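Structure record follows, encoded as structure tokens.
A, B, C and D are the chain letters, set down in written order, and residue numbers restart from 1 in every chain.
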Amino acid sequence: MQEIIKTFDLRVDLAVEARDIVRGVADIEIEGVVETIEEMDNNVKIHTITINNQNGAQKIGKPIGTYVTIQSPPLKINDPYVKEEIIKAMAKSMKVLVGQDLSPDQTVLLVGLGNWRATPDSLGPKFIEYSPITRHYHQYAPQALVEGMRPTCGIAPGVLGITGLETFEVIKGIVDSVQPALLIVVDALAAQNVERIGTTIQMSNTGIQPGSGIGNARHAITQEDLGVPVIAIGCPTIVNAAVIADQAVRKFCLDSGAMYDEIRSRNSIQEIVSFYGGSLGVTPKEIDEIIENTARIMAMGVAVSIFPGISEEQLELYAT
Amino acid sequence: MQEIIKTFDLRVDLAVEARDIVRGVADIEIEGVVETIEEMDNNVKIHTITINNQNGAQKIGKPIGTYVTIQSPPLKINDPYVKEEIIKAMAKSMKVLVGQDLSPDQTVLLVGLGNWRATPDSLGPKFIEYSPITRHYHQYAPQALVEGMRPTCGIAPGVLGITGLETFEVIKGIVDSVQPALLIVVDALAAQNVERIGTTIQMSNTGIQPGSGIGNARHAITQEDLGVPVIAIGCPTIVNAAVIADQAVRKFCLDSGAMYDEIRSRNSIQEIVSFYGGSLGVTPKEIDEIIENTARIMAMGVAVSIFPGISEEQLELYAT
Amino acid sequence: MQEIIKTFDLRVDLAVEARDIVRGVADIEIEGVVETIEEMDNNVKIHTITINNQNGAQKIGKPIGTYVTIQSPPLKINDPYVKEEIIKAMAKSMKVLVGQDLSPDQTVLLVGLGNWRATPDSLGPKFIEYSPITRHYHQYAPQALVEGMRPTCGIAPGVLGITGLETFEVIKGIVDSVQPALLIVVDALAAQNVERIGTTIQMSNTGIQPGSGIGNARHAITQEDLGVPVIAIGCPTIVNAAVIADQAVRKFCLDSGAMYDEIRSRNSIQEIVSFYGGSLGVTPKEIDEIIENTARIMAMGVAVSIFPGISEEQLELYAT
Amino acid sequence: MQEIIKTFDLRVDLAVEARDIVRGVADIEIEGVVETIEEMDNNVKIHTITINNQNGAQKIGKPIGTYVTIQSPPLKINDPYVKEEIIKAMAKSMKVLVGQDLSPDQTVLLVGLGNWRATPDSLGPKFIEYSPITRHYHQYAPQALVEGMRPTCGIAPGVLGITGLETFEVIKGIVDSVQPALLIVVDALAAQNVERIGTTIQMSNTGIQPGSGIGNARHAITQEDLGVPVIAIGCPTIVNAAVIADQAVRKFCLDSGAMYDEIRSRNSIQEIVSFYGGSLGVTPKEIDEIIENTARIMAMGVAVSIFPGISEEQLELYAT
């Protein structure tokens, strides 16, 4: 199964989708992988997948660690109650992922990956825009801070194609200089399923692997490489057109009794989507609005968890 | 054939694609439809389809009139020679479509349809941004004009979903007030084929029909309704995801010997793309850049044709 | 006093400033002009100037009608309580200015004047962006409306310099086609005093006079010309550099005992600010943020008054 | 003279203005300061000030080094011949400032200082947008490069107020990782004279001092601190309102025979401009367009000098 995905050069960014592909219809358990699902109010669900050993890691195709998937009804509906529930779910999940309490003087560095000039890839930079940034107040205007606010700083380093710099090169220098206690990296993801666009948030404590995210990091952004814990947060904003086409072929075969053949399907699709280097993304027409809403919610979900005890209203005043 | 397209609620914006669908593999001639192809330098082609009678109109599914399709190698390559050739081809085609010489004091009204907040739909508004606008100089600063510059004005009326106004309502009022000799309307189109994104420009003298363009005009923008000749110019910026999926199914059946069945394919696809109301567009990752380049070239192609004898360098100075 | 202002070709957009200039230090009453000041919570004040006859109109230099000025502490402080108080004050003032109850099926047309590409002039277009637009739902999706929501539509017609169209030409056509019961026009203003930038909102029932607003309308936008009541709403976003320079000269003379001379001050300043045609605006560095905040508050202040009984939270969902 | 400027807390970013202030009307020579003026075509001038020793540095208030000021007629006129002349003048000046030939495999790092959300401060980020970036091609697609193209990379690090990071912290990390042979830093400047906005480009080999530029760097960006030669390039985009007001007072006194008094003028102005922390910038209405034009010209001026032998047309294709 991984095979065909590799052939299309398609990443499976979401652990929950990688798991679906592996477990398949049979839905067999995978040794070394533990799952829990928590239902919250307003149809929000927290699906946690913990990969405990190398067997689990190999099967799922993701490193050992915890992957939290928050699923909600479409955010585009813009329902304030759903928003609050997602923010709560994010804060709750952050606690699990970080695993330790940070003291109020420890710095958190926020990084928004992706290309601000390509709408579906601009989630990370938008996240930074809506996040409270306070580190400069600590040095130059401490009186402007609410009691107990930790230092936060944030950067959107851009992508290799517009800076000529590997994302890792930019982040590494800042980490060395700022020495944060925690790094939170936000990125747009590709999903296998259109329904996940703007409705699924994945959070993990494993960092970002090379080739993940739309921006295609070429160097891992992990605790191992940076010397600081890394929480990676992502939300799908596109589905690769080849994935949708393959699903259509598969479904047609199932419905019509024809024999599905991976290699043939792959080759047929290849010819159709090969133009523009095959990097054809499927997005809903409302993608600009989805990115906007999702970035705001994610910024607030992260903010309430790294600034415990400070109200959303107050936190908004520190967004840049 | 039209059937299946209607079922997906998919428009065929390009006359050249409608013609391909109708003529099919057999490539039979259609009575009432005349075609010519002119090869220009740098791999630029002008394909002209003239629909002469009701039979042709019905078969192709487009009103009587002339449809010029300018095809080029990918504009994203940003080749200045290709650009110049496209501009030349546009100016040449405009002459054919307008059919009469305008006197230098006659006003041309430019309209850029589409939603400036949704990247693939922002081609029309961008076109206006790069077009020379001169009408106000005629009244307030005639000395700032190059000799022989006619009055031009331009507006991007937005889309119903963000203004609450039908595009026609906005344009009609301006036409009545300005009384232009010619109306040029630019819009983003949907294609059946990914290769057409950013590489095909369609120009016609039939105006815009309801339901055409990504912005989905609900009222015709035609000479009949406005009392002034209308040249419609468009460029594909998306392909509907359902179209790509259907092509994949079709190709797979052909390759694997399975029996393609329209209804089944349609139904299978429906389930996969139904989320987000089925309005799932496929665009290349470079869409922002493609829109930018295409809008500039189209603006210049139109400008050199409505300001004969004035250099591109001079015209650029009047872009707003 | 008006003299010198005319010489600099400076408009006095705010009635409250025109009144200050006329009444001067002596603070004498003006026949035909009635004033009231209402103090609200959170330091928000409503200052109402009613010009009742031609004497008052001539003295103040503004047409007969009612001018409400809402003054608040700096909005940039972003205080949610102040925001709510301003929204309340706007709704209250709208009632006074409109003077009649509109029935829930009557349409309101919102117009955002100004140039979206020049930050200090982009208040009107931003206002439209944050206003609830509902007219299209009435025709195409009435089920998506909250009970009692009237039809609203909105347009930012741009400025003469980028469209080649007089603002009036665009609005007139739309008014004729839509036939709204009320027209609300929002524009950025120039003030005499830096402290008014982002802290003062003027609302009047006299429409927009030629030459008012940064965008410099050349044709009146009034009930007389359009056949529909016009509420004009503005907020200062710049002070002309010449005004500040003249104030400095005046203050220096007062402080140092030198004799202030209008003509001389005017001439001295002329030489310094003549570059760039004298159109030198003074704005605070935070102008982008001020515009953003002010546009949102004004949109909500207008929305709660034209959609009585519908909550702010619900109204936000209809912003485009 | 420096006194009053310090009192207003106003920087004199341009060496040529600092020199004017010091030399004054008497226009006496300053020991340790050498000046040359070269007249080029199209009214473009290159004014070079070389500060040779501590006496010169102290008098001018700038570090020892070379300051090239390129003065042109207003760029806003958008004259292509003037543009070409400025580009030529920049390339010529770069040669003088860099002083050594870089080999074609040496990397140049471009840094655009300033805040992309505040128009007058967005010159640096815009510069990066229009600069050719090639470093990634060297590693991933060398065949896409024109023969002889060196590696370039570019970043706009944002300002302390939106990232919580000192500019120096971001740049230092990148310099350490990339190890460029040359660093070119572009920033928006404040001038004493409105006529310099968009018409003056300053280039120096002394780096950026703390407190220079609109963005107000707090840490020097110099060869001394970074271990790599730094060329600083700037263009005035604002004049502080207090400077204009003081000039008006001064001119008025001169014209009317009143006694100008620095302290009094300063105090009078203080009261008028104190709102918004006194950070009131004077900009022409056309500032957005001026920034756009200037950024493009500066990007090309730098590009032709760091990519010798490669045409402007080709270089444009590598802009991001």
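Methods note: contacts are C-beta pairs under 8 Å (C-beta built on N, C-alpha and C of every residue); 3 or more make two chains touch, one makes a residue touch a chain.
For clarity, every value in this text was computed on a predicted model and none was experimentally measured.
Shared contact partners of chain A and chain C comprise B, D.
Interface repeat of C-D: among A-D, B-C or A-B, over half of the contact pairs recur, by residue number, only in A-B. Taking each chain's centre as the mean of its CA atoms, C is the chain most distant from chain A.
Put simply, the C-alpha centre of chain B and that of chain C have 39 angstrom between them. Distance from the chain A centre to the chain B centre is 37 Å, each centre being the mean of its Cα atoms.
Here the spacing of chain B and chain D, counted between their Cα centres, is 43 Å. Looking at chain C, one finds that none of its residues touch two or more other chains. The touching residues of chain B, counted against chain A in their complex, run 117-119, 121, 194-195, 197, 214, 241, 244-249, 251-256, 258-259, 261, 264-265, 267-269, 271-273, 275-276, 279-289.
The touching residues of chain A, when paired with chain D in their complex, are 133-136, 151-155, 157-158, 160-165, 169-170, 172-174, 176-178, 320.
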